[in-house]
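Presented below are the structures under discussion, each in the form of structure tokens.
Look for chain A in each of the two complexes below; its partner is chain B in the first and chain C in the second.
Here is the complex of A and B:
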């Protein structure tokens, strides 16, 4: 293997994919990036056996070949090199030599045969999505993904086809649920609903940031995304996503409209004095106003009144302020609709606008 | 400890035989004389000889206590506060004898030519913070007489509860491990309710004897979140047993099992679950209250969970347990 590549191009590509390579991998080769040179391009691949990412960039290939090189070390070196060409050459016994006009590095690698085989990409399953659309959908749902790895079915975002051109994303941690639906440019090629793990979705966002349009698709066990010469393959979570429709209230007993900015900033202030663990705030609804109260025996207490359009009966509920803030931070509309039934039933938050976004939050017993 | 608490309301029971007493506001009286009175009262009422160290900080009080023990002239009481020879005393205290300095910090301090409490007191603050974190810096300031470590509030709820015991004999079968896990979960949830808390997470762990190197070794822990934070014993038992089933392996001789309850929150702040109907919390509370009251009045285990076993012959032998002369009729001291 011998090739010349621009340091900046290589650094960008390595920066994009090297996060997947594990620092303390169970198998040494999983902390490596597979570097393959063929024809006039260079292909870089990393995997942790659940997620795999490949990126390619142009290179002057003098001799074809491949080698697994420690991903983080290679990235650190390339990142620090000045702009210009780097020459890579395999020098035997799985060592690689990097040369610039002024510097030489020799790095111990591993044979490319040790690197796990990455599933083949079949383009027939792919459909095109605008990056801004999918990015917005992920932003509106990813915070609700369960952090508990043991609840496998909740540890990712649920992708579902709801119409020929309609894609729905849902995430829940069991206490709250976020649901967003959008029209996409091309036909959604997705049979059954699938759960894409959070790590894979986080990697997808990296591609979305660099490419205007991406193609996504679903294989039997894999989620695939492609954009700007980068391919992401994520193993789907093999578990049933709960029947989320049953927990989204169709109607609520009462509802009100509130300015997103006022509600969010009041919550931010009041929650400073709520318990760090539970972040609980008491929300009292009265005619024309909502009172937010937090009490912590060790810290003190806070109270703030927010004007709302509310005409129902007075009610007092407890909420995790973090859950409310997470929704309000991403809702993207000036006015928010909130529907409530009673102290033990889920509350619904949605934007007052055309976009389909619903967040369901269970109250706290306070 | 009851005797000690008569001398100040601000007391931290540090261990079974050690306590810190906050005497702030007692400056008008002679503290050495007051400490002698405490010592005499404790001996008279409990028959226990004690030594008392007095200092402006907990760290200095511990050093004073050590000096009181060592020096017969002190009669078991020593006040290091504002002592003109305080630096002389500190220069005779090795760093490993300072409260809060463990084996690793001792090695670090030795490497940096800090051998005594006086050396540490005079060491550079920035160095101490960088190398020993803020914990080391606190110890250093405490040696200078600046109180940085407050008395622990006894009423502060525990952040995690661990219950475990070694078995009286090696246990191999899953059923007996289940009994033990049920037993420990019952105890842990009693503690939870005692401090008016609920928990979201429970783990179960098991281990073989690491000192029997000729036998196959295995130790593991598994945990899970509850559908809703709770202190309801049957619910926590159910999930603890599920955790145990995940880690249990046949063919090993286990010597210890236990549970760890975490993510503890106040019982009046329960996050409800979307996919589970709200638990009948009032009924659960009433049931647990009744069980706790029966066991409090008639003795631990009067009402117990069937899954904790009837014989419990895996429990510790406790062959050398001191007889309960004053609290158990069967063990009352007989006079010939």
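Here is the complex of A and C:
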């Protein structure tokens, strides 16, 4: 392996992907970046066995080959090098030599065969999506992903095809559920629904930031996203997502509209005086107004009235304010529709308008 | 082509190959049997079969051909396959819940990375504390698809019955004495008599035979001869013998002392065998036939059995109850010389 590459170029690419390389040395090769040179470009890959990322950059390849090089060390060196060309050369025994006009580094690497085989997906399985669309869909669901270790099938976002061009994302932790559906313009190539782990989705947002349009696709065991030469591969969760449709109430007994901004800031203020653990806030609905109350014996009490359009019977429910705030923060619509049935049935929050976004929140007993 | 480097266990090898060939792979196995007989090696080979890139080779005769050199098999051999992972007791107290959660469950709940199956191998499974075992139950009962969990244990009775009942059991027996002797002599340069003692003392475990302390093994003859000749009336003889024993508290000394106990026990057994009329081939100490015969004439069977009982109690006192080794050994020598 021998090639010349622009320091800036390499450092930028490495910076993007090296975060995945594992620090814990469960398997030494996982802290390495696989560098392969072929034809006129360089392929860089890292993986922690849950997610894998690879990026390519142009290089003058003198001899093809590949080698696993400690990711962090390589990045730290390349980052500090002045602009200009670096020459890489494999010098035997899995060592690599880096040379600039003034400096030489020799780094001990590992054989490329030791590196886990990064799966590939042919381009026919990929479909393109606008970055802003997918980013928005993730923002609207990721907060509801279960942090619970024991319910692995909920530990990610469920991707589902609901129409030729329609992609639906669902996340739930058993107390709340978020559901968003968008027309992604191109044909959604996805068979059965799959659960993409939270960590992988978080990595996806990195790619979304660097490219305007990305291509995504689903293999048997993988989710793959590609944008601007960077490829992300995420292992799927090997479990069934529950039938979430059962949880979403079709009709609610009463409903009202409320201004998103007013509701959110009132909740923020009132919840300051609720206990940190439960964040419970009592919501009382009366004709034309909603009263938010939080009482906690050791902290104090708060009460605020928010005007709403409500004509039903008076009702009193308890909510975890955090759950309501999470939804209101991302809903992206000025007026919000909230549907309720009784103290124990799930409440539904939707934006008023075209967007397909539903959030279901279980009330709590107060 | 698989199992080539593993001696014996023909039935178990065939059974495992058959499950793969007939696609009746169980989601959980418990490999049990004495330590050091190749359970772990077999589990690694099984993982290779499950993930071999030349899948068709499974239908071939197992013994034929060279070892597979596909990427998957090579990686498993080196212990760097992303889908085959080991959970081991790391010399702390035992295998804890966190280890089971992090090292098994978190990895099993993702789809395979490059292989067909995710294989989790839990070595010394009885080291899992009760909490870890209980935490494991749910996964063990119904692991995610494409998962195979292999528990390895030399003391399956120490596992919860609920764990055992969730696994397909596969028992491994010790190797036969002929195979052991052949392999043992191939790998060491001991005399045939000494090799025989090592084989006899290790109960079918090649690993144990190879791990025996060579120094103590070479002193065996001397230890036995000395013991046979001690006169309990002379304190200096008794004390002298005990002094030559490794009575330190380091793990190395403990191991040596345990070995000495085993040597004494084998010698007493030889005496009993001679008394009740077995021929010399059955003895562990084939090179000490005449001194053993001489002693056998002096001692009655009941007397020897009594000594064996005493030896067993002494073993418990030293290795399980932390008694004073010096005193226990002196008592033991007095009893034996009686």
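By definition in this document, the second predicted complex is superposed on the first by the 357 of 366 C-alpha atoms of A that agree within 3 Å, B and C clash if a C-alpha of one lies under 4 Å from a C-alpha of the other, contacts with A are read in each partner's own complex, and residues count from 1 in each chain.
Please note the rule applied: a residue touches a chain if its C-beta (ideal position, glycine included) is under 8 Å from a C-beta of that chain, and two chains touch if they have at least 3 such contacts.
Bear in mind that the values here come from a model prediction, so they are computed numbers and not experimental data.
Once the two complexes are overlaid through chain A, chain B and chain C clash, as defined at the top of the document.
Contact with chain C, but none with chain B, is seen for A:236 once the two complexes are overlaid on the shared chain. Of the two partner chains, chain B is the only one touched by A:148; chain C is not.
Of the two partner chains, chain B is the only one touched by A:176; chain C is not. Once the two complexes are laid over each other on the shared chain, residue contacts for A:222 go to chain C alone; chain B is not touched. In the superposed model, A:140 lies in contact with neither chain B nor chain C. In the superposition on chain A, contact of A:363 is made with chain B only, not with chain C. Once the two complexes are overlaid on the shared chain, A:29 sits against chain C while remaining clear of chain B. In the overlay built on chain A, none of the stretches 26-34, 44-52, 80-88 or 242-250 of chain B clash with chain C except 242-250.
Touching of chain A by both chain B and chain C, each in its own complex, is seen for no residue at all. Looking at the complex, you find that chain A touches chain B at residues 148, 150-151, 172, 174-177, 242, 247, 275, 277-278, 280, 318, 320, 344, 346, 360, 362-366. The part of chain C that touches chain A in the complex is made up of residues 71, 74-75, 78, 80, 82, 101, 105-114, 144-147.
Against chain A, in their complex, chain B makes its touches with residues 223-225, 227, 263, 265-266, 268-276, 278, 281.
Against chain C, in their complex, chain A makes its touches with residues 27, 29, 49-50, 113-114, 116-117, 119, 149, 152, 155, 197, 220-222, 235-239.
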